[in-house]
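Provided herewith is a single structure, encoded as structure tokens, for subsequent inquiry.
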Amino acid sequence: MQEITAEPGQGAYVIGPYNEPVATVTPGEKVVIETMDAFENRITSPDDDITQIITLPFVNPLTGPIYVEGAEKGDTLAVTIHDIEVTRNYGVSALIPDFGGLCGTVFTRTLQPALPAKVMIHPINDGHITFSEDLPIAAIPYEPFYGTIGTAPEIEAISSLAPGFHGGNMDAADVCPGNTVFLPVNVPGALFHVGDGHAAQGDAEVCGVATEIPTRGTFTFEVIKGSVIGTPRVDSDEFIMAIGSARPMEDAARIAFYELIMWLEADYGIDRLVAYQLCSQVARVRLANMVDILYSVVAKFPKKYLPTR
Amino acid sequence: MQEITAEPGQGAYVIGPYNEPVATVTPGEKVVIETMDAFENRITSPDDDITQIITLPFVNPLTGPIYVEGAEKGDTLAVTIHDIEVTRNYGVSALIPDFGGLCGTVFTRTLQPALPAKVMIHPINDGHITFSEDLPIAAIPYEPFYGTIGTAPEIEAISSLAPGFHGGNMDAADVCPGNTVFLPVNVPGALFHVGDGHAAQGDAEVCGVATEIPTRGTFTFEVIKGSVIGTPRVDSDEFIMAIGSARPMEDAARIAFYELIMWLEADYGIDRLVAYQLCSQVARVRLANMVDILYSVVAKFPKKYLPTR
Amino acid sequence: MQEITAEPGQGAYVIGPYNEPVATVTPGEKVVIETMDAFENRITSPDDDITQIITLPFVNPLTGPIYVEGAEKGDTLAVTIHDIEVTRNYGVSALIPDFGGLCGTVFTRTLQPALPAKVMIHPINDGHITFSEDLPIAAIPYEPFYGTIGTAPEIEAISSLAPGFHGGNMDAADVCPGNTVFLPVNVPGALFHVGDGHAAQGDAEVCGVATEIPTRGTFTFEVIKGSVIGTPRVDSDEFIMAIGSARPMEDAARIAFYELIMWLEADYGIDRLVAYQLCSQVARVRLANMVDILYSVVAKFPKKYLPTR
Amino acid sequence: MQEITAEPGQGAYVIGPYNEPVATVTPGEKVVIETMDAFENRITSPDDDITQIITLPFVNPLTGPIYVEGAEKGDTLAVTIHDIEVTRNYGVSALIPDFGGLCGTVFTRTLQPALPAKVMIHPINDGHITFSEDLPIAAIPYEPFYGTIGTAPEIEAISSLAPGFHGGNMDAADVCPGNTVFLPVNVPGALFHVGDGHAAQGDAEVCGVATEIPTRGTFTFEVIKGSVIGTPRVDSDEFIMAIGSARPMEDAARIAFYELIMWLEADYGIDRLVAYQLCSQVARVRLANMVDILYSVVAKFPKKYLPTR
């Protein structure tokens, strides 16, 4: 089985067409991909000064570009995640000044003093995460996913910190083992990137950081020829989903629902206005992030309500 | 048991201090409250023309004001919902021109032609809802809640269509049987209002209308003296929750998380910055509505992670 | 000439149909209206503690309701401002914690500490304002206008701090002597309110407070029968204007431009899509406020480009 | 005098570090730069079908990258525009489906049908623009500026349609002859790009398109060593200005005012909180665009209120 490694200094900090592929994969082939954590695995202690470790724009290193054979502009790349293994016995979270959902940022500028920096180390053992030795709360289950997954735009190189129509840093917990993620193909080989493993994350990722981990993930890729999607989609046992990323947050929700409704019309024969009215009764929504360069919202349609034909 | 009825022509279309109370209740007393549906029970057929039936601002009639004995400014009203019974064998949903999550509105003005009006009648039997005879999908379970619940502001009279710090039209499915809703008291007697029963609703209520029903609900009220909350809160078996309503949607999420974190600090002794970082790992979020005058977001903290003391 | 006075303790803190009129005016009659400043004239020294003086919701007292004879639902009220005289030799501005354009607020909640409170007294003499004795800058010209002007909604009572379709706290410097403001009539007599005099204000009113003054203004009212507008309009020598108030700010701009374009079509015969394309070449915009409960944007069409017929 | 030409097929559609410089300039040297219009000069008739001519992402071709000698990361590039000459006797504007301020877009998704496409040709003669032969309105003065001007980010390649901290497609009419624009330097040589000439534009550019022209502009570049700015700045005879680009629009305004206030503190010795309160009295704002990938707002401080020292 092909293994694609991740080494400090080798990560991609943009998703775009300009970096050379680090590997080539064949559709159907099972592939192991390593990823570094969002801080390039450089935080090892609660005493680390995150403001020194982070130097923009070199945050959130991705593994990639990975060239998928046969993928061409106008196709869709289907990425199935089989497994995500954490390769360290702890996760890291942090408070980062001028970053997060409840403080001023470089976009929502305020004149108030910033919140303090803080690093926490969260031990991970036997599928459980200890949030803090100092706070007596139940262990958090290990429920890993990739915060960042995407394919290259045609000519743009987008920061690994940003989500968008190409995927990217959506921080959607539905990008997890067992699910298939659909991404657009804009360039030959699709140029797939992945990283930002999370052992756990709350909806919204409110402080801006999840339980960040390095990983070894197992993937399969398929190329759906001549199929164009408008924004990333996800398929799970329970839901079909579309992910919108935008600001303000309502636009992220609009993109997600629009794509979901177009999907219901095109593939399941439900007229778009009927699908609109039906989603208003049965859809589920995940607020994936309220902290990134764009916010991400997942609109989810329960498969149990798909038409029986 | 006191029963407070709801009659066409008698509903309140604002939540404020200016209407005379329709009833007085005693804390601890079990009370039955009837509510009309959001269209004053006036839609009976898919052929009804909703653009004729709706005349702003007379939409979404509420039952109230209900005077709660002993409630004074600076208190919090705790409303426990025991049961919500539908009093008709169908629910109604609709497409309403210039209203909804995926079209221009009076706020998000567009020059495009409006979407068409449409009414659907959804039969309800034995705890199941039939979305449409024409679309072969599984029945939707009857999972009722109140879309609108609130107490009077001190001097404002707020449209029954709007949510806010006073509660109102939040369309949060957590306002359901088994849960307790906490609302601010700004005037003597709190002046409680409730209505907008939903037999089912998708997160976001994307087309703007749920499965609208008239109800008979059973409630108990308690007054928590000298306790001020910043925005409505909800307590369930599984979660403590805070509901933020604002535009843009990210501000709704900020209000909800801020209140949740202040609650975790004040009542559970978790330092606010630790609570912020913890919520980033374990919180859940419901997007309650993306269609009302303000959007509503519910930030939820799982009780299983509350500190054991 | 009728004079309508403003006394501390007598101001209206909501714009709605529930307060008794303080005066009645006849269309065409010249009327003098006094207004208090936004702090009820209670700040007299830079040492005043504004956090003690302000007690929500009792901020921004308005003079009103003023009953305009003959006005009925479905009409438009045209208010011409002839003159605004300051009735004190100073204006007041302030920093108010958790309020303003560059800090967390009750809507844009942050966990950072609030900015400090601060009061400044700005002497006004001979048509000039001294910003500060400590900062050697040129005098600011006295260019007065009313921050708040509006008519009662049909059933809502809206905080005097909020702008909206009814007018209200728009903080638009175009509401000034020489101009005519058009407001909707929703109730008998229109129930006009005015206040929040500003001796000067920057676009956006970025810290949340202008040079606040008490005034004596001279007005004339006209009732345009059977004419419905969608949002407040203003007519000046140079521009026809529409004011949108909403959040996020782009929705305020959308409302303003939509109304301006509908006006150009209805009254000047320019097809709406041509007007849209024309505004894209010649319109001007004022950002009136970025600090109030809703943001306000003024879309302005230069009269010199109106069709010659 | 060096002349840098612009040819169809040679334009840059991203601003980034990956394209080879098309020219090198020396600080202080006067340079002529040609630019194509936003449609690559391909529209010549009102009968042209803009939906066929536009193929995303190949819209808004820029001239560049231009390498400025001596510029290094951490410097600021000062670009003075001396003159903008239109090189054709007409401008072009258009309605583009799913693009503009008053319709659904790829971000603000709606289910309504799109507005129609439309092209207008606007003759330009003797400094005057004729909007339409069919609409008898006054000529619009030729007041040219560059809609797009920017320098390369360190690792991102940003669409020429997007504004941001690097400048880009801000559509700010203050980027005009006589003014100096300050841009960040993130890479050796700064890699300057310019294009999107406008003969006239309304504030907000509400339909999404201005009077688009190809140009010959005259520029001088200076490098300010070791000077970091947070967002583009502009200096004119009358104002110092900062341009914020973000969504929602209030964040664009926050960025602009924050930068302006930091500038007033750093270079003019006005304490930031005093500057905040002063801007609230005297600042001016231009809404540059409400249609691009990010909205742009210009915060302007009148030089007449700068401290006299």
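By written order: A, B, C and D. Residues from 1 in each chain.
What we mean here is this: a residue touches a chain if its C-beta (ideal position, glycine included) is under 8 Å from a C-beta of that chain, and two chains touch if they have at least 3 such contacts.
Quick caveat, the model's predicted, so the values are computed rather than measured.
Chemist: Is the number of contacting C-beta pairs greater for A-C or for A-B?
Modeler: Of the two interfaces, A-C and A-B, more C-beta pairs touch across A-B.
Chemist: Through what angle, to the nearest 5 degrees, does subunit B rotate to match subunit C on its C-alpha atoms?
Modeler: So the copies are related by a turn of 180 degrees.
Chemist: Report, in whole Å, the distance between the mean C-alpha point of subunit A and the mean C-alpha point of subunit B.
Modeler: Chain centroid spacing, subunit A to subunit B, equals 32 Å.
Chemist: What is the distance in Å between the mean C-alpha positions of subunit A and subunit C?
Modeler: The computed centroid separation for subunit A versus subunit C comes out at 45 Å.
Chemist: Which residue numbers or ranges of subunit B touch two or more of the other chains?
Modeler: If we look for residues of subunit B contacting two or more partner chains, we find 102, 108-111, 115, 247-248, 254, 257-258, 261, 273, 276.
Chemist: Looking at the complex, which residues from subunit D come into contact with subunit C?
Modeler: 93-95, 100-102, 115-116, 118, 120, 122, 129, 131-132, 135-138, 140, 200-211, 247-250, 253-254, 257-258, 261, 270, 273-274, 276-287, 290, 295, 297, 299, 304-309
Chemist: Which stretch or stretches of subunit D touch subunit B in the complex?
Modeler: 102-104, 108-115, 248
Chemist: Give the list of subunit A residues in touch with subunit D in this complex.
Modeler: Its residues touching subunit D are 13-14, 16, 18, 57, 106-111, 153-159, 165, 230, 244, 246-248, 251, 254-255, 257-258, 261, 272-273, 276.
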